[in-house]
Structures are given as C-alpha cells and as structure tokens.
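Here chain A shows up in two complexes: once beside chain B, once beside chain C.
Moving on to the complex of A and B:
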C-alpha cells in the first residue's frame, strides 16, 4: 500500500488538488457549483476533451506528440457528416439507425487512415513527430476547409444528437462513453503487451528494439490508437453541436498536451498514467466551469490552467529533488 | 592545437570559415572581415600545398580533405606543436601517404608533431620516436630504427597475470556458419563457424569491425553479400525480432544506451525480451512476470534482488547481469556478447566469465567480442582477430599468447614482426 502511494504520488497529489478545487468552488458559488445540473453540464463537456487528452497522452508516452489530433477528428467528422446528410436526405433517405452506424464507421475509418499517415512517417520514415503532425495538422485542416468551404455541415437524423445530448437518468451518454474509453485505454496501455512496449519505447527505443520488440509497430499503434480516440471525440462533438465544422475544438490541441503533462506524463516519454490524465482533465473542467458560474472572464480560465500546470510541475520538481537529497544522505552515512 | 580523430569542425560552414573564423573571434572583430578570412585561409592551405575550394561546404568534402582543413586551421595559429589523434583511421592508404608527406614538410618547417595511433606500420613509417602508454601508465620510449615491432607489441601488452585458461568440455557440431559476408565500410569477406558448447572470442582493435560483424548476425547490420547458416539453414535476419525468433541473442556493447530502459525497474527490463510469454486473455499476467523475474534475478545472482527497483540504481555489474538475464530468458541457441565486462567491477566480471563458460558447457554456442585480451584468453576456445574489417588471424586459444593476438591486430598478415 505504501509502495503504491509512493509510486503514484503525483496522481494522489492531483486528486487532492481536484478535491480542494471542488470545495473552493462550492464555497465561492454556493448552491450553484455543487449541483446535479452543473455536474451534468461538466459531464457533457469533459468527455470529448478527456478522450482527446487520453489519445494525446499515449502518443506523448512514446516521446512523440500528435498536433493533428483535433484536425483528424474534424476531417473524419466532416466527411461522415456529409455522407450522413446525403444518406438521410432530410428524412426521405435511409432510416436513422443505419445512417448513424454508417456515419460512425466512416468517422472511425478516416480517423484510422489519418493515424496511419502520421504513424507511417514517424515510425517507418523516421521524421520527428512534432514535424509530421504539424504538417498533417495543416493538411487535414486544409482538406476539411476545402470540402466545406469553411461552413458547417448538418442535417442528420435527430437520433444522432442523442449521442452528445442525451442522458441515462441524470448521467450524460457522453460520460458513459468516456468511462468506457477510460477503462479500455487503461487496460490497453497499462496492462497489455503493446502498452508495456509503449512505455519501453518511450524510455529507450533502441534498447527496446534490441530486445526483439517491433518498435515500429508499437509506434504505429500509438498513432492509430490516438486517431481512433480522435474519431470518437469527433462523433461526440458533431452530435453535441449537431453539425461538423473545420474549426470546432481547435483549442483542444494544446489543452490536451497540457492535461497530459499535468497528469504526470513526461513530455520526454517513458512514463505516465491514464488516470493521471483523467484527473488533470477533471481539474481543467472544474476550473473552466467554476469560473463560468462565477462569471469570471473566459480568458482567466486559461491563465488559471496555465498557472496550475506550471505550479504542479514545479512542485514535482522540488519534491523529487528533496527525495534525491534524502537518498544521498542515506548513502553517505 | 589538437587534430582529433573526429575533427572539431563545422560541416555546414565553408572551408574558409572553418579555417579562419576563430581568428576573427580572437581579434575581437565585431564585423566579419571577409577579405582577411580569405587571405588567412589561402595562406594556411598554401603552406600545406593543397588545393581545396575555399567556398565549398566542409561537409561536402572527403574525410581526407576535411582533415587537411583541420590541419590548416591549426597552422593559422602558428602552432608549434600539432597533436594528431588517430588521424589515419578514416583515410585510404593513398591519402595516408599524402598526409605523411605533408607531415614531413611541416616537420621540416620546425613544427613538432605528436602522432597518436594504434597502427604500428604507420608509426614506423613516420615517427622519430615512439612512446607506449598502457592502462593510463607511461611504459617507455624507443627511437625508430633502434626497436622492433615485436618489442613495441610486448610493451603494449605487458606482463599481466592472466586468468587460467579454461577450455570447453562439451564442444559439439557446427551450429552457425558465416560465409564471406561483406558490407562496405563495416566488414569485408568475413567467414567463420561456431560450434555448440564453444566460446568463440573475437578481438582486434577498436574500429576493426568486430561489433559490426556480430551485429550482422543479430539483424542490425545486414550484409550486402555473403551467407549465414544456422543449423544448416540459410538465414538473413533483418531485425532483432527476426534474429530472436531464430534463437540468436545479443548483449550489446553499451548497456546504458542499447541494453536497458533506465527509468524502468529491473523486472520490466529483465522480462522485456519475453513479454509475449506473459500474455493471458490479451493482458499481461503481472504475477507470472514477477515470478519469472525473481527466478532470473536469483539465477544470475543480481544484487540487490529487488525486481521493483529502478534499473538505473543498480551497479554497472548488476545492470550487465540483468541484460544477460534478459537474453538467457529467451533460451537462445547462439548467445553473442559484445564487451560483456566493460566497466564493471572485478567480482561481477568473474561471475560473468564463469556464467558464459557454464552456458557453453551446457550446450549453448557463445560468441564473445572483447578488447580485453586476458578475458579473451581465459574463456575462449577459439579466437578470431579482426583488422580493418577482415579476419586477420584465427587461433586455438590453448597456449595462445597476447603477443600473438596483438601482432595480428596491428599488422597486416604476411609482414611478420620479429617477436622479442
């Protein structure tokens, strides 16, 4: 138990911070923040961002980054939205459910294709991830803008909106989807052979390759995994807004990086936990919703998020330095 | 001014910038005087009597020309003493002759030159005096013409107490056959075979192509021509994963950069090569993994025996044991170890020697690349000596001496040195 807390100290620290923030917000906005309505609202918003952040985290665990994560989501969503609009044809075409299933399938397939392009250039050609995904970010965005001329695509079955706006009792469907994603991602990243290889590649790609692991496949897998999650987030966004548009969610890219790092994943790769990212996402969501309720200007949300990120990283640095000193003292004795 | 083995030049700058820029900095010029740069670099290259385009990017030049640029830069400073560290390591023999001519001219101008080299034939060709340094100690100095290659070799080797030679007890049939494999700039027409139960030592100077050759067997540096046979079947591994599937294991030279994932614990490292064995219902069975890692740690006597301890915190010797254990776990037919005792303490060294010998006696075929002659002599059954990418000598280890090995390592076959 002690070992467990020590190993996951960062995550417990984050959890503590989250609880403190909840209490502070509850005191500052009595009767408004700690309400079912507010938590439902947070649930609607947090899922798409959380799914993107998990997709970002697994890439960063290998020492890479995926700057095109939101753009692949929107490109896939736009193509799928156009297909759904055509098939549905204002209610005169196919029935709701087949249209939605085809739409979801198209989103996932295109997202996977986007991920494979990233993965191919990073793993097999050896281009730096930041350069590859910066390039594909522009390419995906450019294609999305071109086929839509910058406007939104809408006109799909009413039922499709249910995904992003419906609830089961008081729990949003998006939240249920998010929980499933968290569980699956946890099992795949922290418990599967591929997931262990992800950490090893992030720590030392060469040593991992020298140990007989196909590291190219591992890296390719990471980009495809993040792309599938981006497609999923794209479906949630399209459904919530009832349209798909090239610039939806564009602020999520860097926020996802911030949530990953805040969650304890080293930007150099080799470490990190899914749950760390999940808690970090919740912290960012609480700040953003809380400030919203308190009618604090949106821009302050970004400032507060940024300050917390820098503060937590600095705290980690000093705590680690402290324990290092202790170790040295022990060994000197 | 030192001329390093890897010249400290700027490949993206032009020749004249490389030669004369530091002069500008010394003169505290705030604005670059291009005319002065041009003149200085012309003068310096003039002294060497070579014709190199001043405006060419350094990186586009041959190694030999880059080296001349490095020397020219030294001349700008009116150097009185030139230190050349292995200057010929990347040159062809024609280029070496040209370099020697220039060195003689510089000598005639009154310049002193310290020439650091492993290559005895070159030392005898260019030097007036030779000093031998071994293990950080000054051994002695001889005048050229008053000594023999044999004497220099003896000085280089010294009279160390050698561990008793322990030969194999269980040498079987040939398991691995390497036939005429070549890769340009790496290894050249290398052939040898390896038997079950045998430890084959491969030695030679640093840069002789030993590591490059064994990496070819592990799929890291595939040959451009030639054939490799494992148990009579032709193989051509293109990646470590393929080599592993064939039953070949490789403990690399640098455990820190190639052997271990330093921020992970001992358990993750020691089981990395056999991760797929622990997959149950698609997930890793961490209990089984932990159990196996404890067994391996015990088997190799890794200290402290803590699977959860970060591998970076273990001593060098115990880290090396973990790398070896990682490969033993795969039950290989052929185990290749590259400098297995590099930078580890004496105790761990003895343990690793005993382990390699025992593994061979139990039927494994072992290839050990090493620069340490006592190590080579103590546990090998046969020894290959490489020089400039080729196998320059093959010996039965029984009764072999360090001098015999060193002679093959430093001199071309045929030109026999008189052994003192």
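Moving on to the complex of A and C:
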C-alpha cells in the first residue's frame, strides 16, 4: 500500500487538491456548488474536454503532441453533420436512428483518416510531431472552413441532441461515455502489451526499436487512437451545441496539453497515467465552473489554472529533488 | 444563546436579501478586446444607476463552446436575465432554451441569436440610417457633385452590403450629382489591402473627391493612402472605424469622419431593457440616461439603439475603444 502511494504520489496530491477545491468552492458558493444540479452540469461539460485530454495524453506519452486534435474532431463532425442534414432532409428523409448511426460512423471514419495522416508523417516520414500536427491543424481547419464557409452546420434529428443532453437518472449520457473511455484507455495504456510499447517509445524510441518492437506501428496506433477519441469528442460537441462549426472547442487544444502535464505526464514522453489526466481535467472543470458560478471574470479562471499548473509542477520538482538528495546521501553512506 | 441566534437570523436575512437582488448578466462574444471592454463600462454604469447586480461575463476566446459552458454554469447560480452576443446562434440555442426553461429572461445584444431563443433583440443600429449617414457625411465634405469610390471589407459581408446598398439607393435619389466611379472594391478586412486599393484608385481616377470606407480597417487604410499622397485637402475619407484607430488620421485631416456606434451605450441599453422587462415596465419611450428613448420595432422584439455616433478630430478623444 505504502509502495503504491509512493509510486502514485503525484496522483494522490492532485486528488487532494481536487478535494480542497471542492470544499473551497462549496464554502464560497453555499447551496450552489455542492448541488446535484451543478455536478450534473459539470458532468455534461467535462466529458468532451476529458476525452480530448486523454487523446492528447496518449500522444504525449510517446513524446509527441497532437495539436490538430480539436480540428480533426471538428472536421469529422462537420462532414458528418452535413451528411446527417442531407439524409434527414428536415424530417422528410431517413428515420432518426439510421441517420444518427451513419453520422456517428462517418465521424469516426474521418477522424481515423485524420489520425492516419498524422501517424504516417510522424512514424514513417519522421517529421517532428509538433510540426506535423501544427500543419495538419491548419489543413483540417482550412478544409472545414472551406466546406462550411465559416458558418455552422445544423439541421439534424432532434434525437441527436439527446446524446449530449440526455440523462440516465441524474447521470448525463456524456458522463457515462466518458467513464467508458477512461476504462478503455486505462486498460489499453496501462494494462496491455501495446500500452507498454507506448511508454517504451516515449522513453527511448531507438532502444525500443532495437528490442524488436515495431515502433512505427506503435506510433501510428497512438495517433489513430488519439483521433478516434477526438471523433468521439466531436460527436458529443455536435450534439451539445446542436451544430458543427470549424472553430468550436478551439480553446480546448492547449487546455488539453495543460491537463496532460498537470496530470503528471512528462512532456518528454515515457511516463504518465490516464487517471492523472482525468483528475487534472476534473480540477480544471471545478475551477472553471466554480469561477463561473461566482461570476468571477474569466481571465482569472485562466490565471488560476495556470498558477495551479505551475505550482504543482514546482512542488513535484522540489519533492523529487528532495528524495533524490536523500537517495544520494544514502548511497554516499 | 438567544443573541447568537438572533445574529445568525439577521445575517441570514442579509445574505438572502443580497441573493434576492436582481442579477442581470451581459455576455459578450469574448472579453479583453477594446470593443467589448467598452461595453463592459456601459453595463457597469447601468448596474450602478439602477442599483442592481449587472454582471459582465464572457469567455476569453471567441469560442462558442466556452460560451455554452458559461451559460450552463450561470444557471446553477441562478440569474434573472441573460443578454448574450452569441459567437454562433445555433450552438448557444440549446443552452438558451435551458435558460428559458429555468425562467431566465433571455435577450440578445450586438449580434442576433435565433429568434425563438430571445424575448428582445437589442441592435446597435438601423442599417439604413447608417448607410444614409455615411452618404450625408460624404456630401458634407465634397458637396453634392463629384466622383467618389467605395472600399469595402469583403464583397460577401452581408452587413457591409446592406449599408452600401442603402446608401446607394439614398444617394441616387437625393444627390444625383454624385458619381460612383467603380463598383465597391474589396479590401479583405485588411488595413494594408485597403491602403493598396486606395493607392490604385487615386492613380486611376485623378478627379476623385471622396472615398467611403466600409468595415473598420478600410477607412484607416484609405486615410493612410490619402495622407501619403498629400491629398488630405483634396480627397475626403469617410467610413466606419473605431475611435482609437481613427484618432491619428482624424487629427491630421486625412480621415474626415469616423462613424460607428458606441458599444458602451449598447451594453447599457441591454441592461436597461432586461431590467424593465423583468419588472414589467413599459419599454416604449423609456428614457435611458445617456442613450435616449427606447423604441420597440413593429415586430415587438427588435430594439434599435439609435442613430450612429460620428467621431471627428474634436470628440474622438472622449472615447476609448
């Protein structure tokens, strides 16, 4: 048990921070923050961002980054929204369910295609991930802007809104989807052979390649996995905003990087935990919702999130340095 | 013990009375840009004048997703009215419907939302009046006869085209001596491009007496070209630009009039409309201090703030956006 806590010290620290934030917000906004209504509300909001953040974390674990994650989500959503609109034809075309199923399928397929483009350039051509995804960010965004001329695409079955607005009892569907994604991502990254190769590639790609692992395939897989999650987030967003538009969620890209780093994933790759990212997302959500409820100027939300990020990283640094010193001292003795 | 209980009771009363105060939230597309900073001042001023809790909250980026989240969070807190400038009307629609279901009064301001989502729609300006004002101001500078050209933002921009068309119809009827030398020239909402296009126009039409600039960068770019050519006194420039950008050019005489609306007044008007509606008061004819009387259009929904604000070298320093 002690070993377990020591190994996951960062995650426990984050969990502690989350609990403290919940208590502070509960005191500052009595009768408002710690309510079913607010938690339901946060559940609706957290899923799309959480799924994107996990998609970002997986890539960062390999030492890469996916700056086009939101853009691939929106490009896939826009194409699927256009298809759904045409098929549904204002209620005169196909029935609700087939339209929605086709829409979801199109989103996933296009997202995977976007992921394969990223993966191909990173793994097989060997271009730096930050350059590839910065490029595809502009490309996906450009295509999305071109086919929509910058406006939103809407006009699909009302039932589609249920994905983002419906609840099972008091639990939003989006939250249930998010939980499934967390479990699947956890099993794939931290409990599978493929997951181990992901960490290994992040730690030292050359050594991994020489140890007989097909690192190119691993990297390709990571970008496709990230893209599938981005497509899933795209579906939730299209449903929640009842439309798809090129610039939806544009603020999520860097926030997803922030959540990944706050969650304890090293930006250099080779380490990190899905649950760390999940807790970090919850922390960002609590700050965001809490500040909104307190009607604090949004600038302070960004500042507070930034300060917590810097603070936690600094704390980690000093704690690790401390334990390093201790270790050195022990070995000197 | 009794004393303590009494104190707690009084405190509770105080807290609940604070909570009872009317809360009106005005949400811009984003915070932190001069235009929307200016409207924040108007919102705060209205809150003080009316003695209510008028808040100005918006996302730090023009992202519709953030706006939706902020609306949802505000509902948790409980507000009485929301005036929104939507980044995208469709995307905020489900969130605004949630507001309506929670008995929150919803208005739009600055930018229209979907008609079903709002009780009132507060517009900055009557497009026709703005179009005509620009022509009148041009005539004020060059007289009723002479050649002029139009530099616009994008040829596809609906609002700019409405202003141009309204002005052209008005000019054809009232000032037949005015001659538009060529079709409106696009400048892609870029000051540099407006400068280039104006240089070309000045070259091609040496008798040009005036330039009308539509979109906020166009008049500035045009004024810069006129200034560099040393034609401040020969060629008049009139257009839709913001005071801070225009100041320098208004003062050196290259730009003659800058015309737009005052976002501070617009924010103020949004709060007043929300407040009056919440209290069941009559909107029509209500005198909003510093803005003027409210007039509801025939559709029973649209409220137009009033005539545009005109900036000259003399009054431009009184505004900051």
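One rule holds in what follows: the second predicted complex is superposed on the first by the 333 of 333 C-alpha atoms of A that agree within 3 Å, B and C clash if a C-alpha of one lies under 4 Å from a C-alpha of the other, contacts with A are read in each partner's own complex, and residues count from 1 in each chain.
As a working rule, contacts are C-beta pairs under 8 Å (C-beta built on N, C-alpha and C of every residue); 3 or more make two chains touch, one makes a residue touch a chain.
No experiment lies behind these values; they were computed from the predicted model shown.
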Three-chain arrangement built on chain A, chain B and chain C clash or fit: fit
First (chain B), second (chain C), both or neither touched by A:44: second
Which superposed partner A:196 touches (first chain B, second chain C, both, neither): first
Contacts of A:68 with chain B and chain C, given as first, second, both or neither: neither
First (chain B), second (chain C), both or neither touched by A:302: second
First (chain B), second (chain C), both or neither touched by A:270: first
Partner chain in contact with A:242 - chain B first, chain C second, else both or neither: second
Touching partner for A:154 - first (chain B), second (chain C), both, neither: second
Which partner, chain B or chain C, touches more chain A residues: C
Partner chain in contact with A:250 - chain B first, chain C second, else both or neither: second
After superposition on chain A, the shortest CA separation from chain B to chain C (Å): 34
Chain C residues touching chain A - in the complex, by the definition given at the top: 25, 31-32, 55, 57-66, 68-70, 72-78, 88-94
Residues of chain A that touch chain B when the two form their complex: 3, 187, 191-193, 196-197, 199-200, 203-204, 206-214, 270-271
Residue ranges of chain A in contact with chain C within the complex: 29, 32-33, 35, 37-38, 41, 44-45, 48, 152, 154, 161, 164-165, 237, 240-243, 245, 247-252, 288-289, 292-295, 297-299, 301-302
Residues on chain B engaged by chain A in the complex (per definition of touch): 220, 239-241, 243-245, 250, 252, 257-264, 268, 272-273, 275-276, 278-279, 282-284, 286, 308, 326, 330
